[in-house]
Each structure stands twice: as structure tokens, then as C-alpha cells.
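Every chain is named by a letter (A, B and C) in the order it is written, and numbering of its residues begins at 1.
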Amino acid sequence: MLKRLFFPLLIVTFVLSALSHYMHWGSEIEFVLAGLAILFAAGLLGKATESVAHYAGQRIGGLLNATFGNAAELIIAIFLIKEGLFDIVKASLTGAIIGNLLLVLGASALAGGLKFKEQKFNVHLAGQNASLMLLGIIALFIPAIFVKTEKISQQETMSISIVVAAFLIFAYIGWLVYSMFTHKDLLDDHVDTQADHGESPAWSRGTSILMLIVATVMVAFISEWLVHTLDTFSARFGLSELFVGAFVVAIVGNAAEHSAAVMLALKNKMGAAVEIAVGSSLQIALFVAPVLVFVSLLFGKEMDLIFTTIELAAIGVSVLIATSISRDGATTWFEGKLLLIVYAILGVSFYFV
Amino acid sequence: MLKRLFFPLLIVTFVLSALSHYMHWGSEIEFVLAGLAILFAAGLLGKATESVAHYAGQRIGGLLNATFGNAAELIIAIFLIKEGLFDIVKASLTGAIIGNLLLVLGASALAGGLKFKEQKFNVHLAGQNASLMLLGIIALFIPAIFVKTEKISQQETMSISIVVAAFLIFAYIGWLVYSMFTHKDLLDDHVDTQADHGESPAWSRGTSILMLIVATVMVAFISEWLVHTLDTFSARFGLSELFVGAFVVAIVGNAAEHSAAVMLALKNKMGAAVEIAVGSSLQIALFVAPVLVFVSLLFGKEMDLIFTTIELAAIGVSVLIATSISRDGATTWFEGKLLLIVYAILGVSFYFV
Amino acid sequence: MLKRLFFPLLIVTFVLSALSHYMHWGSEIEFVLAGLAILFAAGLLGKATESVAHYAGQRIGGLLNATFGNAAELIIAIFLIKEGLFDIVKASLTGAIIGNLLLVLGASALAGGLKFKEQKFNVHLAGQNASLMLLGIIALFIPAIFVKTEKISQQETMSISIVVAAFLIFAYIGWLVYSMFTHKDLLDDHVDTQADHGESPAWSRGTSILMLIVATVMVAFISEWLVHTLDTFSARFGLSELFVGAFVVAIVGNAAEHSAAVMLALKNKMGAAVEIAVGSSLQIALFVAPVLVFVSLLFGKEMDLIFTTIELAAIGVSVLIATSISRDGATTWFEGKLLLIVYAILGVSFYFV
């Protein structure tokens, strides 16, 4: 029933959002409509990517998922960069990382843990993910510490950012080769995760590709409308742009992953839920963030990779607690609760900035 | 023999401490007598709590232990708050956490390790404890980093502290439900730790409750006398209040746990020793510290949860090394030595502040 | 073939380096010749230490290796201290620690991992090493945080440094007793690592001792020549002294360990390779660095143990990622690649300071 309503709802919210934008219905209503529309469009984009991936075969499909899995975030960020809103880009990247590691993983572990006593998953993958996340935070921390401590010019900062971004993409490509080709068996969860995600694809091959294009275009349009409402919205509700970027935008942009992961956890497929949550964070840190540095150069702008101290602290503690909890390859309801509490503590702290 | 002398010694030191306080025998002698008296009274309080817990049955008993296990520290801290000595409160909380994680755990592992080659304990519990301690330091670090980095008013700082304190107590309650009800079997050490601690209770049910009341009242009195000597004492010996709070007060207040844990380790019951040391730290970070924030409000004062940088550093490294050492569910003499060396390094550094 | 050329090459580079130094051929050529000569001389020193260790028996031999394994670094550092170049000493210690943990371990894991799917080693040793490295960074971080945050005089800083240095040496002695005597069996890699390193010694007992003396004297001479070229060299190529100390000197000084570890990894003896890389870092942090504090006092100079923020950050992240990767007692090519990428990120950042 809900599934059937999904597409009409997307069309309705998309049209309403377009109308509200071009006819200037007011920032609040524009923000709400764009938020609803992007929530559905991001969901469609995810479904379409999965469906195309299904027809493309396991390897190319995995690659597609790995590259376009966060396409919505990427597109939103590109529009923010075009407007020069680098601070909100970084806040939303931060929000996406901590949202996946704390909110998505926490809600999945809590929901699944209330139904099943202990939910296990591949311990090798957990360890590997931990090391990769660590690389991600090292790549963000090291340049930041150097820039904040030593006398480093803006130009040198940009040079460091570009080199580090290139290394991160290089590491991410290595990870794809490693996890999909050379060491696939070691990291497998002894379940067909491909099947877990998409079950059977909703559309034929042709429709899938069409849907992918439609969803991408829609996300692109709505992103632009959404971006324009952000500052009036945050001013109206007395929220800092940091809070809006890190919590509001990130939660809206991640809603699809969120519901998918919780559903999987409730089916006792915690391995797949972890893969969505942690995999998505890794993709943002090791792929989306560095790609955006190069995207900014294409626009003739210069977005460096230097995050603020509190963003780094938020990312750091999220990685720390998420890896501490997932390292043993098992989760329980209490561990889910812990992750959600850390998310709430970060939310409260960001709210007061 | 020593057991029989215990109660008379408590009475004698209590009376002497009272006399020295009301007759003004001088700060040094008042401090020494109050220190001795509180050492015995804290021991009695611990014994009485255990004994009452024994009669109350395993679950209510466990709850009592978990809530009143650090009653002495709590009472001392309340008197410090009444006097507005927030800095010493935080120093003594810091001292209690690092004292339990480094001194108590270290001495237990070293003493036990000199007798037994390797001492094992429940590896699940160790992992769970590590994640909980991590929550504790995150809850202390995040507000501190935000307050020290961003422009946040004292009123907002207090708001953040209250919310974070509420979340910590919420997490602690979750932990009690988790470890005593839903996942008790998973965390059990395959030994009756209840029996380990108290063996058979020393007193009848009625006497136990009487002793609990007597000990609580005594600790309350001595705490007030002790607090009054602190500043003259620290001035007299050229020690900073920070050092006195974090090392002198904490060691005196923890003496009972300390000797109990070492005794258990010498009986090769390292699991119970770890539970005392780590459990006590967790209780301070997740229960005593946040409760004190609310206690301060009752007194019409406002103690926030923002610790100093060096206190946070001390707590952070203690958690890091203690979890690194206990994570594998086994300790050796050398790991005990490592913990003690870190404690010594912290002691030396605090001494020079 | 290469082995036969080794000794003649050492003699030739040593003589050329001596000539260039005394006849002032110019900083660049002096630096290159001294670099080549010290590379060969450090290799000879390592070989001679191993050979003498072989004849001395396993225990004394292990002790010799543990004490003189980084003799070349120690000698270079002593000459730097004599010249008062404390900053370069600390940079080169930093460089040796991160070089071993990232470059040597990373190259070994990558090279070995391209040949073997997964390379396993003693998981107990990995855990123990992690705790020890943690002690090392705690000992460097704590005094630094106190000194940078609180008002602590230079004299007090020196006192803290001396006490901490003494504790580190005390911990290192404990580690030797622990790993060579009381818990040797627990940490053994089920292979004769002694044999792995040296196979059969190249020289007779007498020749070995002679070689040890010759190599020590050579390293001492070349170190002095090398030190004198450093500032003109770094000025000439626009490199900071920090970069030269942390990367150029460290790579040259570690070349012998580096090639040995990679060779072992290619023979699927990853345990021995890890022992070289991590063992060498431990030796620098827990033995060489604190010994140098006392050495500086002998020269009537005062080198404290306070490293710069970026040096501490570099050491901290190196330990974090190396322990995260080695903790499970197995490495793969991708983990090697990760370590090398972190090394490259640090290299780029230091380059721009």
C-alpha cells in the first residue's frame, strides 16, 4: 500500500515544491516541501541505483552502489558549493558521517536488539571498516592540526587538501578492489547482501535506467530549491547554519538509508544494516568529501578539506564509539541505545553553538 | 584479628576526629584524623551496603550496590559543592576515575599476576565496559570542546551540562537493566561474584540496616570536617588543591575498593576485581558526576560538567590504556605495571601544576 | 653478489664521505656521501649486533638486540644533542617512530600481501605491543598537554621530563623481563625468530665483535659529518629542518630495518617483520628517547621530552592506525596500502610546515 503511494507522493511533493519555489510561497513552506520532495527523490534514486546495479551484475553493480550510493548528498553539496556555502557543505558532510554511524547504526541495533538478543555479523569486515574509518579521520585531522598549529598560507592549505583528497580517492579505489575482488570471500557475510537490499528489482532494465535519470534530475532541481531556503529558514527558527547543515539536511538526505537499515535489522540481517550505515560513512569520508574538493576547483572556487574543531571532534568520537561497539562483530539493544545517546549529546551541543 | 579491631578503630578515629575538629587542634592533625576516620567509615559503608544487598536478594542487591557503591565519594562531593568548591569536586571525580582504572586495576593485575601467570575474565563484559567508558569520556569531552572552542555563555553551558547529565543517568539506568536483567547471562563471569565480594554477611538483617545508617551518618560528618581542612592542608604542604583533590582525597576515599580488589586478584578472581575497579569508574562517570550536577541545583548553585583540559586528558588516557589492556579478557603482571606507571606519570604531572 | 659488494661499498663511501667532509667539497655532495655511508654503516651495525647476539645465546642476544638495535639512531641523536639541535633530535625520533610504524610495516604488509592473501602472526604479541605503544604516547602526551596548558616553568618541565624518562626506562626493562623471561612462551610466534633474522651468522665470534666495534666507530664519525651538512642542505633545497629530521634522516637511518622487514614479509614471516617494525618503534619511544634526556644532562644541556603538537599528532595517529591494523594478528595488502597512505599524508603535511 505504502509502496504504491510512494511514486505519486514524490510527484505531488516535487510539483508543490516547484510551485512554492517559483511562486515564492515563503521560506518555511518552501523548506518543508523541498525537504519532503528530496526525501522521496533520494529514496527513488537509491532504489533506481540498486535496480540498475542488479541488471549490471554483482561486480559492476557493487561498483555502482559504491559510487552513486550517496548521489543525493553529492548533488546537494554541489549546489551548496556553487553558492560558495563551504561551511554548510562541511557541516552536512559531518552530519552525514555522524548520522550514519550514530543514528542509522544506533536505531538499527536498538530496533533489531529489542527483537533479537544478539545480532552477529562478519568480524573481519568490522575490523577492516574500523581501520578505514580511522584513515578517514586521520586524513581530516592531520591537515587541520597542521593548519591550526603552524603558519600555513591559504594556498598551501589548498595544496595539502588537494593532495590528501587524491590519496583518499586512491585509498577508496583500493578498498573497492580489495572488498569486491581480491578479498571478497574474507569479508562476505555468508548471506547474499545483494539480495537483501533489493530483493527482486521493482522495474525492468529499461525502466530502471529511466528512473535513475529521472531521480537524478529531480534531486538536482530540489537541491537547488532547498539550498535557497536554508538561510531564511535557519534565521526564522534561530538555528545556526551549522545545526541545519549537520542535523536537518543530513537527516533528510539519509532518510532512505535509515529506513532500509532498520528494516534489515528487524529481519535479523544486521550485517547488511552495518554495511549500509558504516559503508555510507566511509563513502562520504573517503569519496564524496575528496571529490567535492575537485568539484570546487571546476567551479573556479577553492574548498579545502579543513573542518572546524567541533566538526572534527564530532566525527572523531562517532568513529571511536561506533568502532568500539561494532569491532566484536555483534550488537545488542543497549549498544544501539549508547550510539543514540552520543548522537543526542552531539545534537544538543551543536544546537547551542 | 584485624577484622575485630576494625570497628573499635573506626569509633576511636571518629571520636578523635570530632574532638580535633571542634577543639581546633590544627589543620594537619585534623586532616590526618579525618582521613583515617573516613577510610574506616567508607569501608564500613561498603560492607553494610553489601550486607543489606545480600538480604535484599540478588537483583535489588545489585541495584543497591550499583547506586550506593560510591556513597562515600558522593557524600564528600556534596559537602564540597555546598561550600562552592566545584574545582575540587571535579578534581576528586577525576581522581576517583583514574584511581580506579589505573591504581586499583593496576595493583590488582600486578599482585595477581605475580602469583598467577595469566588471569582471565569475561571478554564480553570487558568489551561492553570499554564502550561504556567511552560514552563517559565522550559525554565529558564533547561539551568541553564546544565550550572551549565556541562562544557559549555560562547559562548555555549549564543547559548543555544538565541535558548531558540527564542522558548519562539515562544510559546508566539502561546499563543496569542490560547487565542485571536482559543480558545478565552474557556478561556473567561464570562465578558468583556476589559471593566473592561478601562471602557470608557479617551481620543480621537488622544490624546491617543499622550499620548502613550509622556509616552514612558518620561519612557525612567526617566529610564536612575533612573538607574544612583541605585548603589549609594544601597550603601547608605546598600542594595544589587539584593535586589534593585528585590524588589525596581520591586515594583515601577509594581505599576500601582498593584492598577488596587486590584481595580478589590474589584469590585468582580477577573478573570480580575488574568489576570493582572498572564498575566503580563507570559509576562515577555515568552516575555520580551527573547526579552532582542536579545536587548543585538543589543547593541553588550551578556546577557544570566542564572539566579542565588536563583533567580530561588524564581521564582520556586512563580509559584508553585500561580498555586496551582489559579488552582481551586477560591480565598479566606486566600490564598491571604499565597501569601503575601511567598513574605515576599522571601523579608527577599533576604535582607540578 | 650484492652481499659481497656490501663491505667494499661501505669502505668506499666512508672514505669519500671523510674526504668530502675534511676537504669541504660542498654541502650537497657531503650530505649525499654521508647519507650513503651511514646507510651502509647502519646496516653493518645491525648485522654485527645480530651476529654477536647469536654467539651470546638467545637471552643475552635478545637483550643486546633490544638495547643496540637502534644504536645508529642513538649515535646520530647524541651528535645532534652535542650541537644543541634538540628540535632536530625530536623530529628524527618522531620520524623513526612513524617511519617504522607506517613505512616499514606498511611496505612489509603490502609486499607480503601481494604474494600471500593473508599473513598471520601472534595475536597476543600484537595486543601487548599495542598497550606498550599506548604507554609510549601517553608518556609523550601527558607532560606536553600539562606544559602547553598550565603555567609550568622550564625547570619544572625538565623535572617532569626526567621523572617520566625514568619511568619509561623502568617500563622498558619490565617489558624485556616479561617478553624474554616470564611470558616468553605466550608471545612466541611459533617460529624461531632468531633464526629468521640472522639465519647463520656471517662471521666468527671474534670477527663479529670486531665488526661491532668498527661499525659503531664508523657510525659515530659519519653522524658528525652528516649533522654538519643538515642546515646548509635543508636551506639549499628549501626544506624545513623538521622535514629533514623527520623524513630524510629517519629514512636513511632506518633503511636497514626496512629492507630486512620487507624480505621477511616476502618469505611469509610477517611475525618477524612486525617485530622489527613495531619493536623498533617501541625501542625508540620507551628507550632511546628517555635515554637521550639523560645523555643531554651529561653534556650539561637540558633536552626535555616535550614534543611539538604536530609531532605528537603524527605519532598519535601512527600508533592508532598501526595498532588498529595489527591488533587482529593478520595483515593484507590493503592494510599495507593504508599505512603507506597515512605516511604519505604526514609527509605532505610536514613538507608544507
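Everything that follows uses one rule, which is that contacts are C-beta pairs under 8 Å (C-beta built on N, C-alpha and C of every residue); 3 or more make two chains touch, one makes a residue touch a chain.
In UniProt terms, the chains line up like this: A, B, C = Ca(2+)/H(+) antiporter.
Just so it is clear, the structure is predicted and the values come from calculations on it, not from any experiment.
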| item | value |
| --- | --- |
| Fraction-based call for subunit C against subunit B, same above half, different below | different |
| Rotation, 0 to 180 degrees and nearest 5, that superposes subunit A on copy subunit B via CA atoms | 120 |
| Cα-centroid distance, subunit B relative to subunit C, in whole angstrom | 41 |
| Set of subunit C residues in contact with two or more other chains | none |
| For the subunit C and subunit A complex, residues of the former touching the latter | 117-118, 308-310, 313-314, 317, 320-321, 324-325, 327-328, 332-335, 337-338, 341-342, 344-346, 348-350, 352-353 |
| Of all residues in subunit B, those that touch subunit A in their complex | 124, 127-128, 130-132, 134-135, 138-139, 141-143, 145-146, 149-150, 152, 156, 159-160, 163-164, 167, 170-171, 174-175, 177-178, 182-183, 186 |
